[in-house]
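Chain lettering (A, B, C, D, E and F) follows the sequence in which the chains are written, and residue indices restart at 1 in each chain.
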Amino acid sequence: MADKIRVAVAGASGYTGGEVIRLLLDHPQVELAFLSAERSAGTPVGAVHPWLRNHPGAAGLKFRPLAELEEVDVAFGCLPTGTLPARLPLLAERAKRVLNLAGDFRLRDPEEVKEFYPKSAAHPADEEFAYYIPELSPVVPESRFINLPGCMAVATIYALYPLFANALVESQVVVDAKTGSSGGGRGSSEQPAERAGNFRVHKLHGHRHTPEIRQAIAEFTGAVPELRFSTHSLDVPRGIMVTAYSRLKPETSALDVKRAYAKAYVGKPFVRVRPAPKAPQDFPMLKAVNGSNVAEVAIAVKDDQCVSVTALDNLIKGAAGQAIQAMNLISGFDESAGLPRTAVSP
Amino acid sequence: MADKIRVAVAGASGYTGGEVIRLLLDHPQVELAFLSAERSAGTPVGAVHPWLRNHPGAAGLKFRPLAELEEVDVAFGCLPTGTLPARLPLLAERAKRVLNLAGDFRLRDPEEVKEFYPKSAAHPADEEFAYYIPELSPVVPESRFINLPGCMAVATIYALYPLFANALVESQVVVDAKTGSSGGGRGSSEQPAERAGNFRVHKLHGHRHTPEIRQAIAEFTGAVPELRFSTHSLDVPRGIMVTAYSRLKPETSALDVKRAYAKAYVGKPFVRVRPAPKAPQDFPMLKAVNGSNVAEVAIAVKDDQCVSVTALDNLIKGAAGQAIQAMNLISGFDESAGLPRTAVSP
Amino acid sequence: MADKIRVAVAGASGYTGGEVIRLLLDHPQVELAFLSAERSAGTPVGAVHPWLRNHPGAAGLKFRPLAELEEVDVAFGCLPTGTLPARLPLLAERAKRVLNLAGDFRLRDPEEVKEFYPKSAAHPADEEFAYYIPELSPVVPESRFINLPGCMAVATIYALYPLFANALVESQVVVDAKTGSSGGGRGSSEQPAERAGNFRVHKLHGHRHTPEIRQAIAEFTGAVPELRFSTHSLDVPRGIMVTAYSRLKPETSALDVKRAYAKAYVGKPFVRVRPAPKAPQDFPMLKAVNGSNVAEVAIAVKDDQCVSVTALDNLIKGAAGQAIQAMNLISGFDESAGLPRTAVSP
Amino acid sequence: MADKIRVAVAGASGYTGGEVIRLLLDHPQVELAFLSAERSAGTPVGAVHPWLRNHPGAAGLKFRPLAELEEVDVAFGCLPTGTLPARLPLLAERAKRVLNLAGDFRLRDPEEVKEFYPKSAAHPADEEFAYYIPELSPVVPESRFINLPGCMAVATIYALYPLFANALVESQVVVDAKTGSSGGGRGSSEQPAERAGNFRVHKLHGHRHTPEIRQAIAEFTGAVPELRFSTHSLDVPRGIMVTAYSRLKPETSALDVKRAYAKAYVGKPFVRVRPAPKAPQDFPMLKAVNGSNVAEVAIAVKDDQCVSVTALDNLIKGAAGQAIQAMNLISGFDESAGLPRTAVSP
Amino acid sequence: MTTAIETPKCLVCDTEFEVQADWEKGEIAECAACGQEHEVVEKTDATVRVELAPEVEEDWGE
Amino acid sequence: MTTAIETPKCLVCDTEFEVQADWEKGEIAECAACGQEHEVVEKTDATVRVELAPEVEEDWGE
């Protein structure tokens, strides 16, 4: 097809890179033009991502060193956080647009950048990055450089946005997040016998998604939450769930809250509010989202206590799918092109 | 679209029925016209299959009692084995074609039918059922009634067919099969705490897929294996793997075996031979097939010992996907329409 | 041994009952005199609890209907909540002491009893039940009737007790609890294919452990927390983890908090404070407690934010082990007799 | 206690070493005198094996380099296969007896030693190693050096021994083995997200337990099986199951087989025959053995087809427990001292 | 990209190779149809000959 | 092994340390009761003084 856009994936041998490939293999308007990997350079895609090896489109594909990057319309950055900044000039030269999935250019406050993303502080970008969440950003960014949100960050943002956008809650919020083992990427290692049957703390204070959430809520709603954010590790390969605890302001009713969520996400195919959940499986849950690009959101109010829950697949709605959704929107494609809307369960 | 076929799913609230729905929701040439369930009659699809609840196409869909079946082009039978025979007249009246996923009409030998499928013996079909395996059946059947193969049976048949078709092995074969927990359907129950971390025997002798395998090998190759077939239960939600042990006839070389597999499946998009596997992950494995309609096959020969391995997703290539592949072929659609070719991993 | 006490287990075919048996089979001072079950009456223990079938002590043991209860020194109540109250007179007649693991007689406030334990309201006990937590109750109770704490309740109480006992935190606390699939008992059912790989909400408001926690904190510390308590379901067979979020009062230092925990649990063999955890696996986690009678506790303080974490095995420290620890203490045995102090991992 | 033996564990920071420690911490006649590790030298035991950190006996224990080995009564060799041979002189000097869990000195045929254990060929032992299986070896060995069997080997040997000892089956046997992720030791690594939900081939031909099984069957029964042996990897942390397929000789009845198994293992507390299994959970299974030192064995005969099944915990009956059982027997202790007889389930 | 010279066939499934201009002796070429690896054992302007590539199994911990 | 000098107490749980003869300044000593790490900041024949050891959190991938 003459009108396919040419796409590159930097860090294509990693987990998020693999998902970008997987989804784009069936995207009608995309040509996978370049896939980078250093240690796996020269290797066929299917040898690194066995789950892709039976797709006919994967047959000829091999990884190449990033230095050989060709001219492309869009480059997806799937490198470990801290890797892109020094390589951005290269990408900027050869890619019309860069969509970065890593955290490098999410924060704006220079102090926070220095603390959480020292490589970004050392190699600032020439042009500004837009921080883009398809459902919440007021416009589709025209910038050449776009940074997608963090996976646990965006799950939390979806959970909290309607509350702060409508000034329904006090500022103190506790967020308890749980994430599966692919969240650490292929690089992270743990003997599977030790992960199996475990549940453990990941980070109780100081996770770098904390300032991102604060910044995004402030940017999208004007309110600044007093946020507590702790993360835990699940023995599942995929999926994130966050439970966010807030307190309704006086005079706020459960119906106000419900309406706020409904309005925030109505017409958004990839953020879905679970209406009136009763049984446990009615709430957002991993098996209802894993394999899809959907984030599920629900709220449960009792008196002035509000609990908001989001579930999403960290590798899709938290990473590859979100980025492709962004690509679709900035390219004028159908927002849903190439994006799965059912979970692969049971 | 005017040229969509109308499809019914009998037993649509079960696991295989759910997968038929899931895949057909994104099939370009199909309209989901009728979904049956008795206990869940009246319930929306997404309440029973939470993994489907975010697909826009699932929005209006509800289950209805089978008795209300409307006129359709194709009816998929996803009922528990033994349930269809008495209901076949109803389906025959309202569906142009019936594709049965249950075991009811797979066997031909009346004695075996009586032993393994007593309900089929009691309610024989008016017209004969074709036993159809897309990659092996010599022609696309023209019969109104088609029975798809059993999930573990077809995994074994893919593993053994090239050996017997080319008379490469002695007749004695041992097959050790392993299957995940969705294999028992939604009806089967086991406290998850008891399944977790377990591996156990399912049936060491007398599984009803045994005569089916024998019959299929005989039908497709002319040879009659002396088959031993035992099954085991895995603590995974999806996937089947079979390991088949045979002995090469004198003068048969490893290359002969390799060529037999390559030729048997060349050009078949959904049965893929793993060439020259070296590391464990090069062999067929669940994470390379689960979520896709692909069966992976490999062989390992040492001296006269031949080990054949197949992995497939029981709910897709072992059930719903296989049936849709059959529907595509008998309807003149693209064989791959609506069928996923990548696994959803890690 | 002449001085063994005779023990009965009511509801011995359930999960907690099975654990009581398992641990008592190796307890030097106990004779398993009577095991009740209704549906499994007449069945050998090993047929219901396959994990016990190889212990020589289990050889002759069979379940019998509760009505046949013999005279015993101690009866463990392992019946579903709501079952004991009507049967208490029977137990009271034949058992010198009753240790109840179910929730029936934990709450004191009549309104709460009516709301959360209607069967207890309908069948009040003749003598008062002591609510007993070995590490926190000021004395070993002399009452004939003792009720052990709830599994998630006690995990939370261990996490919060030092904070409130020392008036270190504001009253508002958020507790996010996660529990494995044995927590629902053998009776609870869910197709394993649907539990596998999932993480989901259990109850966001109104869990009946909430008033229990409040009551216990009040009783043991004098302070009444404003408690929020939500529970979630893990895809693991065993284990509970709670994360409790509180806010330090002004002038409270991290060292104050540390000292409070150290002092609260020093010399308690079965509640262990993790000192200075750095890496994730240093914190309390399921794989460090499952299979043992140990509850691990840790705290992480940053500025005025305090996060407390407890992990324990719901069937042991949350149920059977706790009850045996209580039995040891009231019987004058070594507190640790029969109680495992290592987890069975990896 | 004055009469405790002093024990050393070489490779104590590994998985089998950790289990030796765990079990010996509660062994009444043993003092843990020395624990070796190189990379973890100087580290407390609980920092490496979090599952041991709450046992009071683990409090002071630290790893030290093997070179500092002190004089002990028994040294357990828990080093990676190939590591002991060069270090044997050191152990021989300071330990009265050496019990090796690695494979180094299991095989006798020099050609096989060279092929499968090249390090042993390069560093032959000064004194001969006894190959010891407590239930099958005719006498308790008096040798200073003892080598325990391989985990999958001994599972297979338990499954086949009665058949060959009583000449009940033809020589051709197919063994299909499945093992959990701790089987590879702590050193083996695989991203948990890739193990989760998978089942895959490990080795279809040429596993080094094959010659060991052949040798052991020959040594204990006089018969030499024609053995085929393939191994697979389970997504469980612990446990091995083998399914062995043999063919009864003419005139052999199912009862003959049953009697052979009953006689072979009667009075052996740690190899238990499952009599007359009907339902799946009656057969040997991981959840009935994991956490215990018990191997479960069962057979299912139909016509002349015999299927034998063994399940055991690779780290206990397949390694640490087996070695402690051997230590008990050679030291004149109770065979069962320190050895768990119940599985830790559900 | 296919040259005019006689194209070798896959020794396993008989599918013709697409001979690449930059193939050299010793090169490992995968059959596009069945994935079998072949080694280029001769490469001149006139002929290209392939043989089955040797298979070496990786070692993998117990 | 305990010396005659005044024994320091754990700064968290007040349990007395068993002062080891080979302790040196800079040594990290764990409280036997609560596990808290202390740094030996002074060690003479007459006195042993300990302080809470500094806590450094490890970094751990996302």
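A few notes on this one:
Following the convention adopted for this analysis, a contact is a pair of C-beta atoms (placed from the backbone, for glycine too) under 8 Å apart; a residue touches a chain by one contact, two chains touch by 3 or more.
Here the structure is a predicted model, which is why all the values come from computation and not from measurement.
Set side by side, the interfaces B-E and B-C show unequal numbers of C-beta pairs in contact, with more at B-C. Here chain A and chain C face each other with the same set of residues for the most part; over half of the interface numbers are shared between them. Distance from the chain A centre to the chain B centre is 35 Å, each centre being the mean of its Cα atoms.
Averaged C-alpha coordinates give centres for chain A and chain D that are 46 Å from one another. Centroid to centroid, with C-alpha atoms defining each point, chain A and chain E lie 42 Å apart.
Within chain C, the positions touching two or more other chains are listed as 15, 182, 191, 193-194, 196-197, 235-238, 280-281, 285, 287, 290, 345-346. Residues of chain E in contact with at least two other chains: 30, 57, 60.
Within the complex formed with chain D, the residues of chain A that make contact are 15, 180-182, 186, 188-197, 235-238. Across the interface of their complex, chain C is touched by residues 174, 176, 178, 191, 193-194, 196-206, 228, 230, 232-239, 241, 243, 245, 277, 280-281, 283-287, 290, 300, 302, 305, 307, 309, 311, 345-346 of chain A. Chain C meets chain D in the complex at residues 15, 22, 25-26, 50-56, 58, 182, 196-197, 237-238, 269, 272, 281-282, 285, 287-292, 294, 296, 341-346. On the side of chain C, the complex with chain F involves touching residues 255, 258-259, 262-263, 266-267, 273-276, 278-280.
For chain E in complex with chain B, the residues that touch the partner chain are 10-15, 30-31, 33-37, 52-53, 55-58, 60.
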